[in-house]
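Going in written order, the chains are labelled A, B and C, and every chain counts its residues from 1.
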Amino acid sequence: MGGVITGVDLLATAVFAVSGALAAAEERNDILGFILFGTITGIGGGTLRDLLLGADSVFWLYQNEYLWVCLGASLATWFLAPQFNSLQKLLLWADAVGMALFSVLGAVKAIQLGAPAVVAIGMGVMSATFGSLIRDTFLNRTPVLLAPEIYVTAAMVGAVSYTLLAFFEVVEAIALPLAILFGFGLRACAIIFDLRLPKYGDGR
Amino acid sequence: MGGVITGVDLLATAVFAVSGALAAAEERNDILGFILFGTITGIGGGTLRDLLLGADSVFWLYQNEYLWVCLGASLATWFLAPQFNSLQKLLLWADAVGMALFSVLGAVKAIQLGAPAVVAIGMGVMSATFGSLIRDTFLNRTPVLLAPEIYVTAAMVGAVSYTLLAFFEVVEAIALPLAILFGFGLRACAIIFDLRLPKYGDGR
Amino acid sequence: MGGVITGVDLLATAVFAVSGALAAAEERNDILGFILFGTITGIGGGTLRDLLLGADSVFWLYQNEYLWVCLGASLATWFLAPQFNSLQKLLLWADAVGMALFSVLGAVKAIQLGAPAVVAIGMGVMSATFGSLIRDTFLNRTPVLLAPEIYVTAAMVGAVSYTLLAFFEVVEAIALPLAILFGFGLRACAIIFDLRLPKYGDGR
């Protein structure tokens, strides 16, 4: 199953790299700004995850395919983005896909290292949210995370689903896509139907 | 003395988690936003400290009580914060307590690893300020750190006091509370009496 | 050649520390704010580089000269900055020098560890840009990086030049200054002649 997880990881990296490049597009950056922010956003969440899990060195040092994927995704965004009417909408959806993928991958990696459930869930939520946090923070934008629709909750749903499925020893080939679907599904509903949790101070 | 230090560390984590959740309250986040920002703020400073000191993995991976403390503190803030008139004031004081605790703990950990005095002091100041920096940066707020009243100085006083007391081999049971008191005392005076160091450009 | 590289590293650290302290000056910080932001900016890029390259602990823990250099550079800035008419211009140039030095040093360290070319270049660009990113992000300023003139490109030119020269086994004593000159030269031209790459959306 290692191959599948690496594949999903590369996909998540590409999707987040696109979202970073799209955010650079909104700031009207030049092509190297695209590549820099695409790369930071693509590998940021996974880098934090690996540093925190105590890996000897970060994954993309000896697996350069991650850097190439970020480069390719950023360049593709530069050339293809003008075809789209609404960058903001595209960014929102790329971010949602990346978030769902990373929330599950964070939990996968923590569980592989034998971490307890609460750590696996926390790691999933952090991997999923950190990439988008640094993208928006470095670009001086209001974090997508703080948008009124459900976001962190969706990341948690992805991480919790996978942790539960792993606990019941559901095979990876089912647990992985199912958990990603749950996380992405909730975020998608939140975007489409404008779902919100009660805010602090509501109705008081 | 390991138990006491762990206890102080948990207390500092809880206090900073409360300050993170209060900052989330000011941004009118939902309950999972509370938990995320509470957790990031609570474990952020200590995580940086451990990464920089070259620990194999960060403390909260195998000591989940830290994550539970953050979760509990964030939830407690969600339910109790409405009882208080001024969130901003509460946040200021929670931040002051956490800052004093972390400034001393950073120095403690560095000294335990045999680091020289200048590193112990630097590590104290960084542990104390980093949690509040990332809380305010991620939430797009003006850092408490940049407020006109003395802040970094108080963190340095805490770290320097402990380093000095450790140098003179004062027993932990006295050195620890004394250094925390010095750091917190200066910050408290700064808030109450609006103490300021001369700013760059003053009187020129 | 280790001594020369350490020397260049200390110089780059000092230059970035000055730029951090100058940024603090623009925010009218007090003297400890100068030291904190000078230190974070001075050692930030190198710290990230070391953490990512999987060093056991960060360089400045056991080589305190780096902390002393940051302290000295920050204090010198506090006393000397008022002599200059335009802090902003000084900051721009200090940032340019530090950027060029770090872009080459990042590549040097990655190559010493046997990393492939794409990683060496990526590490150069990240070391060069990260210090200035965190300085500007923490101080709530628009990142120099997002300024319209060429910046990331210059960092890449520095890192690529060194990687190429190292590939052709040019002796360090020539490769090092040459690569730094290329990176700095391009950034200097960009500042003086207001060179820009085409922005996203230009002429569409």
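Here is the rule we go by: a residue touches a chain if its C-beta (ideal position, glycine included) is under 8 Å from a C-beta of that chain, and two chains touch if they have at least 3 such contacts.
Quick caveat, the model's predicted, so the values are computed rather than measured.
Student: Quick check on subunit A against subunit C: do more than half of the interface residue numbers occur in both copies, making it same, or fewer, making it different?
Tutor: Under half shared, hence different.
Student: What rotation angle superposes the Cα atoms of subunit B onto subunit C, in degrees to the nearest 5?
Tutor: A turn of 120 degrees brings the C-alpha atoms of subunit B onto subunit C.
Student: Give, as an integer number of Å, the spacing between the C-alpha centres of subunit C and subunit A.
Tutor: Taking the mean C-alpha position of each chain, the two centres sit 29 Å apart.
Student: Multi-chain contacts only, two chains or more: what residues does subunit C have there?
Tutor: 51, 137
Student: For the complex, which residues does subunit B have touching subunit C?
Tutor: 51-54, 115-116, 118-119, 122, 125-126, 129, 133, 137, 142-143, 145-146, 150, 152-153, 156, 196-201, 204
Student: Help me check something: in the complex, which residues belonging to subunit C touch subunit B?
Tutor: Checking each residue of subunit C against subunit B gives 24-25, 27-36, 39-40, 47, 51, 55-58, 60-62, 64, 67-68, 78, 81-82, 137-140.
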